[in-house]
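In what follows, chain A forms one complex with chain B and a second complex with chain C.
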Partner chain A sequence: MRNNSVIGWLLATPLSLVLLVFLVAPIAMIIVVSFWGATEWSIYPAFQFDNYQFLLTSDVTYRVFLNTFKYAAMTWVFTLLIGFTVAYYLAFHIRSLTWQIVLFLLCTIPFLTSNIIRMISWIPFLGRNGIANSTLISMGVIDEPLEWLLFSDFSVILAFVHLYTLFMVVPIFNTMMRIDKSLIEAAADAGATGWQTLWHVIIPLTKPGIMIGTIFVVALVMGDFITVRFMSGSQSANVGRMIQNDIGLLQYPSASATAVILLITVLLLIGTLLRFVDIRKEL
Partner chain B sequence: MEPRPRSFYVLSAFFVLFLIFLYGPTLTIGILSFQGAGGGLTFPMRGVSLHWFRDLFEQQAVGDIWGSFSRSFILGLMVMVTTVVVSVMGGLAFRKRFAGSAILFYLIITSLVIPSILISLGVGLIWSQSSLPVHWSTSGFGAQLTWTLPFGLLIMFAVFNRFDRSYEEAARDLGASPWQVIRHVVLPIIAPSLIGVALFGFTLSYDEFARTLLTSGSYNTLPLEIFGMTTNVTTPVLFALGTLTTVFSLLVIATFLFVVWILNRRRAKQGSDAGQGMV
Partner chain C sequence: MTTISKVRYSRRSLLKSGGAAVAAAALPAPMVWGQETKNITLRQFGTGVSNLNEVAKKVKEDLGFTLEMTALDSDSVTQRAATQPDSFDIADIEYWICKKVWPTGNLQAMDTSKIANYDKIVGIFRNGKLTPESVIAQGTAPHTVGFTSGVNGTDFVDEESGYMTLIPTIYNADTLGIRPDLIGRPINNWSELLNPEFAGKASILDISSIGIMDMAMVVESMGEYTYPDKGNMTKEEIDMTLGIFTEAKKAGQFRAFWKSFDESVNLMASGEVVIQSMWSPAITAVRSQGIPCVYQPLEEGYRSWGGGIGLSASLSGMELDAAYEYINWYLSGWVGGFLMRQGYYSAVPETSKTFMSNDEWGFWFEGKAAQGDIANPFGDVMEKAGAVRDGGSFYDRMGAVACWNAVMDENQYMVRKWNEFIAA
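Up next, the complex of A and B:
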């Protein structure tokens, strides 16, 4: 048993080293620097609470955090609805395993291509003279091009849903595939309608998958800065962009203080979600 | 077979719409990258040409695309190999109960959910404060591993959850050493999943943006180069580049899937015929 523990540690050493140097140390560094001071062109070691005081007493901080939560909540709702429906279709309506695998792969391949290019690819669709506007005009639905299609909250949420629905489909599909089909037959035999089976059997059994998908989507949206910057045309802000702005101005201490608060927020959220699911068991 | 319920057709339509939503925009820029020389970023097409692809090969038009591509490619391979090796070792480690495994597990989850910009910022700060030069192959490489390793490990957990330990016991009963058990029994069984880990390692690295932003130094990786282009390039050359890298990603994915398919086929062929009833 003792021997086992030693081998376990040896095997885990490379992993621990990478996480120590590139995860734990950077977090520690950010915490330290968040107490430092900054001039216009340099930063200096100190132990002051100025950065936090400025952050926590500024209206902007609260507005930006609220906006970040809004993005996370809206993206979560849409990715969950779409992801659940797609996973349900693949797991319960496609009858051959080969087709299930083929269609599932079709859903996951975009995840392995570049996010930035997938964002860029919305421009010809949503632009002022884009496909959406010209189609709507030629159909006579609108007279003037819609201005809010691109560079707005609408396009930000659309891009988030486009990028991250996969993260809902995959874990939900994984959990659904493990549901014993005889339970569904039993529900049908007991006289349940399709909706009742869905509501009282499938959804409760799919909860772990929904939780894992939620963790992914919430973490990705909360920490994002590039999608919001690109899709809002720099007109909306979230916490990630606030950090990035400070970095651009070389204000590393204030960027670090914002980063610490963001990290605490994300970890609290994810920690709460983790109480509802045992990730290792569900894989 | 029982007839399909009506919900099947409704959901099929929904699924098709979902696929159009997923692939439509990418296909659109694929078409638009063949825009004629006078064309713009949206329809209508003004003729069909390879003009914008030709532009990509001219340095002054777009900057150092090919340099950044080769850097991204090499970095992708480095991250891929490291991710596979470290994930397998980590996966094997977690099968044994060792002190601190719970902490390590939570670190992996943290690595997965931590906002990417924090890694970028933290690693950048450490490097700049210790006067080390940030470079894509050192700080950039490590920063990317914090994103690819959690995926590799989650896949390994999934694999070992389904792993039948009786194969190993059989090997041990036949006198195999621990290393022989891993080399000749465990690794061949998990090989197809390792291809999956490799695929994730390469493509996640190849497309990674946020974690390399402050950690790659003066030589850009391809996603950084593309992002730089979005702010100052307003011609379809952007779409041409997008189309080329997407095609490259698809080729990589196809190659990996093909290897998995070959492995599975060979395995099916070489499999034992015990219990098949032939005497």
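Up next, the complex of A and C:
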């Protein structure tokens, strides 16, 4: 018995060490630095609340956080709808396993290129004289180019949805594949319509997958800075850009404070999500 | 490469035969350390403008050692110079960055007596005056942060002390770039940037230290306010300036903001933007795509900037000698000609002249009409015969500088306000 507990501790040690060095220590460092002070070119150890005070009393912070939530929420809605539909089609409408795998791999092909390239390729497409506008004009749908296609919230969310839908498809598809097909037959036998089966059988059983996908998408969008910068033409801000600006200007303590607040926000969010679904069942 | 090994060989053989004096006379400067030179690598980093692979290649040919180049944006350059002094040997930075970085002691002062062409460096970098009659413009004028008190100085001094913080290499007078074909009327003032006529088609750069100066030019031109010193605004002036631009941003004046050179080129070339802050080679990049683009001289004058080479404090011994060799080579003309054919100016224009054709010199420096095709250093034809440089000659352009890129006393406040402007 005693021997077992020693072995247990030993087995847990490597992972604990890795987590300690690469996860706990950096976060601890960020928290420590968030209380430091900064001049224009250097940072100095201190214990002051200036960074937090400036952050939490500036209405810009609230606007930026609100904007970040807006991006996260809208991206979540679209990736969920698209991701769920794609996964549903793959899991229930494609009968042979081979085709399921082939089509699933097809979904991942765009992800073999850099996500920066995938994002930037939207810019010439959506521009004032871009393909989208010139096509619409030549079709007679519009007379003037649509200005809001590029460098707007629309283009930011479009890029996010494009970039992150796969993170929704994969976990949802994974859970759907585990649903016992006899449950669906039973629902049909009991007289349920297709929609009823979807709503009362498939969605509840897919929840853990939806939740994992949600965590991926929300965490990715909340932490992003480069998509917002390029697709909004630097005109919109989210928390990631705020941190990036601070780092660019050597304001590490202020950047750390923002990062800490963001971390707390995301943890609260995910904590709340996990209350709804027992994700462990899935893992 | 081959020339160096040959020279070394002959020098050795001469030494062996006791002809040291002859050798020293026949083989001056760059060969002093012979063999070892080849193993020296100097790491240079800086903004994209002068970090060119062609320069590194030419250094290898002419001086024998290796120059590693890293190009970063202005913010990253500042950050690296201030926080990672051991990550570079040579910092190719702008003067306003120098004002921020110099007090950290990460760079070492350079002894001007070791700079062969020091006396030929233009006045802007020495006493601040282009010609004896010139008035010194507002902002961080290069000469104000160009000298320090001694080898280990971390201060700035006003006079030519013999110790330079940066050796000036490159500078220019910036103004607004426009698409004349899409605007269709003359543009003469900075205030046009906020003209509602160009709503949704204007842009400004998102680098606070430079952007704020463009803004100040616009605000003065609009007649809203005249700054006692644009280069050193008070908090109220910063609030007022950014307030005007925030209002314009909310009204949809701007299509986008840009941070890197290529972004500005794309915005202009694609027609997303018809008027914006721009840098000279970006204009030529747009033009070489066959798209009309003018670097519009404006009545209120130019916003100017200057860059130079600084040495890392940790450079010593043979590397330090190599770095001086590099600086002397830099000012000896080849690079100057290379940069001037892109529309920049060299700190020692007269040495560059020998590396340019008469026509090129006339076009780029003297503001004369081109006699034949004018090509950039990469061989692309940029201007046909008869073309005249936007803004005219060196003295016309550099003589009309209204302000320099600056770092203000209230810089931290300005930066925070700038971030709010971007987030607004």
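Keep this in mind: the second predicted complex is superposed on the first by the 256 of 283 C-alpha atoms of A that agree within 3 Å, B and C clash if a C-alpha of one lies under 4 Å from a C-alpha of the other, contacts with A are read in each partner's own complex, and residues count from 1 in each chain.
Note that in this section a contact is a pair of C-beta atoms (placed from the backbone, for glycine too) under 8 Å apart; a residue touches a chain by one contact, two chains touch by 3 or more.
All of these numbers come straight from a predicted model, not from anything done at the bench.
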First, second, both or neither for A:G233, with chain B first and chain C second: second
Touching partner for A:G248 - first (chain B), second (chain C), both, neither: second
Which of chain B and chain C A:T193 touches, first, second, both or neither: neither
Touching partner for A:P124 - first (chain B), second (chain C), both, neither: both
First, second, both or neither for A:R63, with chain B first and chain C second: second
Touch count on chain A, higher of chain B and chain C: B
First, second, both or neither for A:Q53, with chain B first and chain C second: neither
Set intersection of chain A contacts, chain C complex versus chain B complex: 123-124, 127, 129-130, 247
Chain A partner contacts - residues on chain C that touch it in the complex: 75-76, 78-79, 82-83, 100-101, 103-104, 200, 203, 206, 208, 249, 254-259, 266-267, 270-272, 407, 411-412, 415-416, 419-420, 422-424
Interface residues, chain B side, partner chain A - complex: 1, 4-5, 7-8, 11-12, 14-15, 18-19, 21-26, 28-29, 32, 41-43, 85-87, 89-90, 92-94, 96-101, 104-105, 107-119, 121-123, 125-126, 129, 142-143, 145-146, 149, 153-154, 157-158, 161, 199-200, 203-204, 206-207, 209-210, 214, 223, 226-227, 230, 238-239, 242, 245-246, 249-250, 253, 257
Residues of chain A defined as touching chain C within the complex: 40-42, 54, 58, 60, 63-64, 67, 123-124, 127-130, 147, 150-151, 229, 232-237, 241-242, 245-251
Partner chain B, residues of chain A touching it in the complex: 4-5, 7-12, 14-16, 18-19, 21-27, 29-30, 33, 82, 85-86, 88-90, 93, 95, 103, 105-107, 109-110, 112-118, 120-125, 127, 129-131, 134, 162, 165, 194, 215, 219, 222-226, 230, 240, 243-244, 247, 252, 255-256, 259, 262-263, 266-267, 270, 274, 279-281, 283
